[in-house]
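Across the two complexes that follow, chain A remains constant while its partner is chain B and subsequently chain C.
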Partner chain A sequence: MKQATALPLQQRLQRQQALAQRLRLPVALAAGLGCGFLIMCAVSSEPLRAFLTLLTGALPRLHWGAGEGWQLTRLVRFGAVIEDAITLTLLGLAVAIPFRARQFSLGADGQLFLGALAATVVSLYLPGPWFVVLSLSMLAACASGFLWGALPGLLKTRFQANEIVTTLMLNIVAVQAYRWLVSGWLRDPAGGFIVTPFLPASLQLPVLLVHTNVTVMLLALPLLVWTSWLLLMRTTLGYEIRVVGQSAAFALQAGLPVQRTVWLSMGAGGVLAALAGMHISHGLLKRLPVDLPAGLGYEGLLVALLARCEPRAVPWAALMYAYLRTGALAMERSTDVSREVVLVIQALVILFLVAERMQPALAGGWLRWRARRVAGGRHDA
Partner chain B sequence: MSTPAMPQAGTALLELRQVSKLYPNGTLANDDVSLSIRAGEIHAIVGENGAGKSTVMKMLYGLEQPSCGSLWLDGQARVLADPAQAIAAGIGLVPQHLHLLPSFTVTDNIVLGAEPRRGWRIDRKTALRRVQSLVQQFGLEVEPLARVRDLPVGVQQRVGILKALYRGARVLLLDEPTAVLSVQEAESLFRVLRSMVAQGLTVVLISHKLKEIRDVADRFTVLRKGRVSGSGRVSDFSEAELGSMIVSKAPPPIPARTRQRATQPLVEIRDLQAHHADGRLAMQSLSLDIAAGEILGIAGVEGNGQDVLARVLLGLQPASGGQGRLQGRRFTGLSVREVRACGVGYIPEDRMRDGVAAEMSIADNLIAVSYHQAPLARRGWLDSAAIGRTAATLMQHCGVAAPSSATLMGALSGGNMQKLVLGREVAAGPRLLIASQPTRGVDIGAARALHGQLLALCEGGAAILLISADLDELLVLSDRVAVMAEGALVAHFDAAGLSADVLGPYLTGAQRQQNATALLDNAVTFSGVPA
Partner chain C sequence: MTHDYWAWSMAAATLLPAVLRAATPILLAALGGLISDLAGCINVGLEGLMLVAAFFAVVGSVLAAYWLPGLPPVWHAWLGALAGVLAAMLLALLLAVFHLEWGADLIVAGIALNVLAAGLTVFLLSTLVGDKGSTASLDTPVLPALHLPGLQSWPQLDLLLNGEHGRGHHLLLWTALLAIPLLRLLLRHTRTGVWLCASGEHPQAAAEAGIPVKRMRYLALLVSGMLAGLGGVYLSMGYLSLFQSDMTAGRGFLALAAVFVGARGLTGTVLASLLFGASAVLSTRLGAAGMAPQLLYMLPPVVTLLALVAAGARKQGRAHRSS
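Let's turn to the complex of A and B:
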């Protein structure tokens, strides 16, 4: 008898929670952009134009030219969005997987540097047919990423070394090793500045979109996202990662190999970060400069947070992030608003997103409004 | 302050109509609750801890919203979105913990948040005058300029009541007001409440003390497990009748045991001991046997080493000496997974921490001990279809109703969760089940189902180590009972005819049997003679 009312109520609760989950990103995005617009109103003389530039600046433009017919312009800019989104997707996945096991691995930066380095070394110095060398380059990147990711995991399970500290320290080691090798052994004497020689053309990833560096990596991306999702949801290791992340005490008493799960999850993340490194070396730059953009790993962290560590949501979060960033560059160039405003907007979106209580509050407000209407209707009748 | 309008006595002032409250964590605190509070009465809401009284109070005060059903005030459906709306509607709450500022005066505390102003300054004279007039009107003896920290709790409570009255309350909700009061203070509180009702106010009183209700309340509503189990005029019912509405009926006894216990031990544990990480002895050298089809109960006040015994046996904590054998095979000193592979099952004491992952689905919880084996997984790949089938079968077998096996575990009641925990362990086909506090915090119906599951497992030839703080449970289920105190086994009895009185002195450590071990043949019968 008790279950008669409990069951429908539980079902309703489940539906509500699912709805709130789906609404999370759109609501946070809208709220963040709304606040951003208010800030622009305060700092700009033409806030509306700046805001529209931010929203549409990254898009290619359909252009009618006499004699040429319809033409797409600004493809380079749109290419930059995609290039960026690929890097961020890989890094987002790299952070999301250890996060699902509740391992706060901040080592994506170091893994990315080492991955790029390993792939470049193999590509530059290993002779052989291109498909063999390219496969081996990728393998080298994955292996170095896995090792550099699993190492702090092993340090944690073996010696209780906090993974936040060890990954940050290992980042420094990796970055400095990278700089040392690029400025010494790998340096191209004819380069003019400190940089490695160009990769052989056959080893550069094939370009899909003219005038851009959008390569076949774009095609591999859905596969990698899907693989990550499969890993988490359909394999025993993924199950272990999820259980350890949800409740380590429960995992222990059920007999799950908790320690192995910890370092494997961090190693798996390392593989994806290293692939991001290879995307940068073999897709975007075709050679390695002594300094790669620093802090990419932290952007991966933000993307993972935006996607709430759900692999299938990571590419969309990355795309949004990259889109806003490119739009911000356009806005800075053509209006009086600086791109720092976008950093504020991105931060606000993340704040709105991680504010756990906000969504239930919104849902609650809606429910109250509905309840009032129902009660009012009843009263009238 | 507005003077409370004199309402017509006897009409329903504040009502809940078919209200249910499901918290987001899945707890169904109120289920189809209807109650009606009449103007000018003292209405008691009665029930045991966890019966849903506080939730009712929170909904009346706008702190929580009903999941379904409606709230009616003065014959109109109302939504009280927050306490501010409740206060505006004339409902005041005197919480159990008063939230007063100790260094402020009584007057300052009372007007806090609704101060009379003169310009941008607080008008202290008006505040004092209003408080004094309230004090006189209701006979609440309080010195308006005393500091709250100098006042006894009973007087502080009057400050809380004055605070609600100052805001214009005509319905006063009091949450367990006598919990912190002495008998004299309680009597004086009741006098105050009577005088307030005489002046046209309405009082709602939460309590679980029968005597109080008979002393002061006009009418009552009894809650039991979130449902209304009775209501009416207090004078129409005897204390015994009220009592039977509050407490659920005692469960019928468990049917007599029919199982056969083997004469050879299935589980042999010899000289097992364990130390804490800091080197202190956690469990003294301990030996026990359990035969197939037998339940060995471990009694003891919590924290006397029972949890250590369970954790060491499962491999969660290393033993520092001794060993355990199951069917002649050593199972101590292995990893948890290896121990489980030997045929050991475990129901952890702390269900929410160790027994389930509340934020994961029921299916994910049910496969936790067998997900790595066929048929649930092959070569590292999970078989979703097999998992779904297994989960559905287990849910049906355990009699647990939920929307689907994808429902979050945390949405189930404690009893249903525990049924699934036990079901998961039983499904793994254990030869030894270590059940730690298996029915803690579950309702009586679920406890009976759990006992049935345990007995069925036992009749199937498994050995059960039942660790429980509930002596009735131990005495009903066990074949033999061992007592642990201060990390050592101090007594061992045959359960036939054993009573809680006999166990008492051993539980407290006042008495112990010399060199007690719990071997199959050395149980002391209740009369004190070895069998």
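Let's turn to the complex of A and C:
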């Protein structure tokens, strides 16, 4: 007992904090997955198999065939993981940048729809050599994303309109405008169902991996991640974003342009979300159906929170989430557990991750318990 | 002249209940959002709380009918409503514990709660019903309507208070209307209410004065869970008689917007909720007149945005005048 309490208090506290910091993400992940497993146990007849499928279903499989020797199968499925991870990385960055300024922008959905729409309109209707049209498409997507992202920022700085509410309302407006245009003006009469014509082949992003839709966007991704990191950590705007996020009152006192920072950060997020839209329209689908998967913006939010809004961690978080999501699809097909359990797991991971005092409390308890046990052992000897 | 007056008053008497019917879920959730906001805890999870309540109300009533077939069906509906409200309060308690005990950021935790609710309801729906869309295959009992007798001699009043076919209004609609004066009473004229507002106004000062700030915030979040839960129960056991995935369709966020538009006051919040209800009614009426549905769906969010802008401009005008 004496040995344990002999450590100076400060040193003990520091050790506690360091332990808690290091263990935070793994503990939150383990706790979320554990809760997910418990839920599966409650509803499934074969929870263990379902859980293992969730964890390994996305991997390519190496197996031995009599005629062909060793073969990798399910590469298409793994390609889907990468396609998904690209979208989620862009959306994660789109959410992470405003979050660093403590702007809870949930508008990635609307920006994505509008970005895809703007890029497709330019690609379909503008004549010219492919590199001009493609770069103009990208420009159109970025511009629409920036405008649609900066708008709630301006509403907030000018009219103190809460950004959570305005971004969600603007999402509805953007999604309905998208549907209206795709089902009216842009509709391909020969399409059979409501869909735009295919993009010209020269404007579709080149594919890197055969049989999948993994496009050159994968190569652009490190660049975008690095640019976002650079923007946040090495530019004046990034500094302003971080200070405003830490304390808007302090930033105002220090004379920083808080209002401009707020709407610029949201606009920058909008650009990245619009690029995700362009990845979907020009890389994955090659044409726009009337219904894009909704709720992608929320998933970008989960990715950003999982990466704790650190741009360099976003791709890994996105990869992990895409991996789980693809595994969940496999699980839904082969067992009786439906894939929405991933949403529950993810939400729980976020809750455990942001609960700052939860793990220090637990870690402190554990350290105390260990100290007591060590001391007890000494007494026995 | 008298004919015109007659026609107008009858039209108003049919329109107002329609607005109230559309506004009830928003109003209930907005009152919940208001009380937690006054205690200094902005509740972003209203949407998720409503969704969970709507789901568990249906599941609870169906299970009650399964386990206790001897009871009259109205009791099944009541047990279901109780289950729904309890589920919402449990989820609100989760939010409260994570925020107040373990220091989780309230907004992030609230958003996580919405994701949790959306995932959990669809997951349980597909597990229990085998359908990810709705519980249309289940027979859901509905909470009764309240018919006020003895109004036959005043047709307008009868239409206003008992609805078009004299069936009466849903019980939760009356509950929502009743909740307004009750909340006012609680906030203005009880010690708890004053303490609650104080802990939102200035938590340190309130704590210095000996007010149990944390307990007040627990209370506020639980009450907001209860009110949002009632709103959710109304959706699945009144507005419709089934549960659909994502059936709240942003009403929780409209409720949040109503609190902001109403400048955190009771009257303003109620009026804003009614405005959002009216815009929903207008959009369905215009849809019957043959406008493009996509443009109509834009109407409620645009009204919300305009209301937020107007509220902000008004607040600024006031600040200018006072300075």
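Assume the second predicted complex is superposed on the first by the 341 of 381 C-alpha atoms of A that agree within 3 Å, B and C clash if a C-alpha of one lies under 4 Å from a C-alpha of the other, contacts with A are read in each partner's own complex, and residues count from 1 in each chain.
Throughout what follows, a contact is a pair of C-beta atoms (placed from the backbone, for glycine too) under 8 Å apart; a residue touches a chain by one contact, two chains touch by 3 or more.
Small disclaimer: the values here were computed from a predicted structure and weren't measured.
Q: Name the contact category of A:R158: first (chain B only), second (chain C only), both, or neither.
A: The answer is second: A:R158 touches chain C but not chain B.
Q: Looking at A:A190, would you say it contacts chain B, chain C, both, or neither? Reply first, second, both or neither.
A: neither
Q: Where does A:T166 make contact in the superposed view: on chain B (first), on chain C (second), on both, or on neither?
A: Only chain C is touched by A:T166; chain B is not.
Q: Between chain B (first) and chain C (second), which does A:L223 come into contact with in this model arrangement: first, second, both, or neither?
A: Neither: A:L223 stays clear of chain B and chain C.
Q: Using the superposition on chain A described above, determine whether A:F104 touches chain B (first), chain C (second), both, or neither.
A: In the superposition, A:F104 contacts chain C only.
Q: Should A:Q253 be classified as contacting the first partner (chain B), the second (chain C), both, or neither?
A: After superposition on chain A, A:Q253 lies in contact with chain B alone.
Q: Once the two structures are fitted together, what part of chain A is touched by chain B and by chain C alike?
A: none
Q: Which chain A residues qualify as touching chain B in the complex?
A: These residues of chain A touch chain B: 2-3, 5-7, 9-14, 17, 233-239, 242-243, 246-247, 249-257, 360, 364, 367-368, 371-372, 375-376, 378-379.
Q: What residues on chain A touch chain C, complex-wise?
A: 39, 43, 104, 106, 155, 158-162, 164-166, 168-170, 172-173, 176-177, 179-180, 183-184, 295, 298, 301-302, 305, 336-338, 340-344, 346-348, 350-351, 354-358, 361
Q: Help me check something: in the complex, which residues belonging to chain B touch chain A?
A: It comes out as residues 20, 22, 24, 26, 28, 31-32, 65, 67-68, 70, 76-79, 81, 225-227, 314, 316, 335-337, 339-340, 346, 348, 350, 353-360, 364, 367-369, 371-372, 377, 380-382, 384, 401-403, 407-408, 411.
Q: Which bits of chain C are touching chain A when the two form their complex?
A: Listed in rising order, the residues of chain C that touch chain A are 44, 94, 98, 101-105, 107-109, 111-113, 115-116, 118-120, 122-124, 126-127, 132, 250, 253, 256-257, 260, 292, 294-295, 297-298, 300-302, 304-305, 308-309, 311-313, 315-316.
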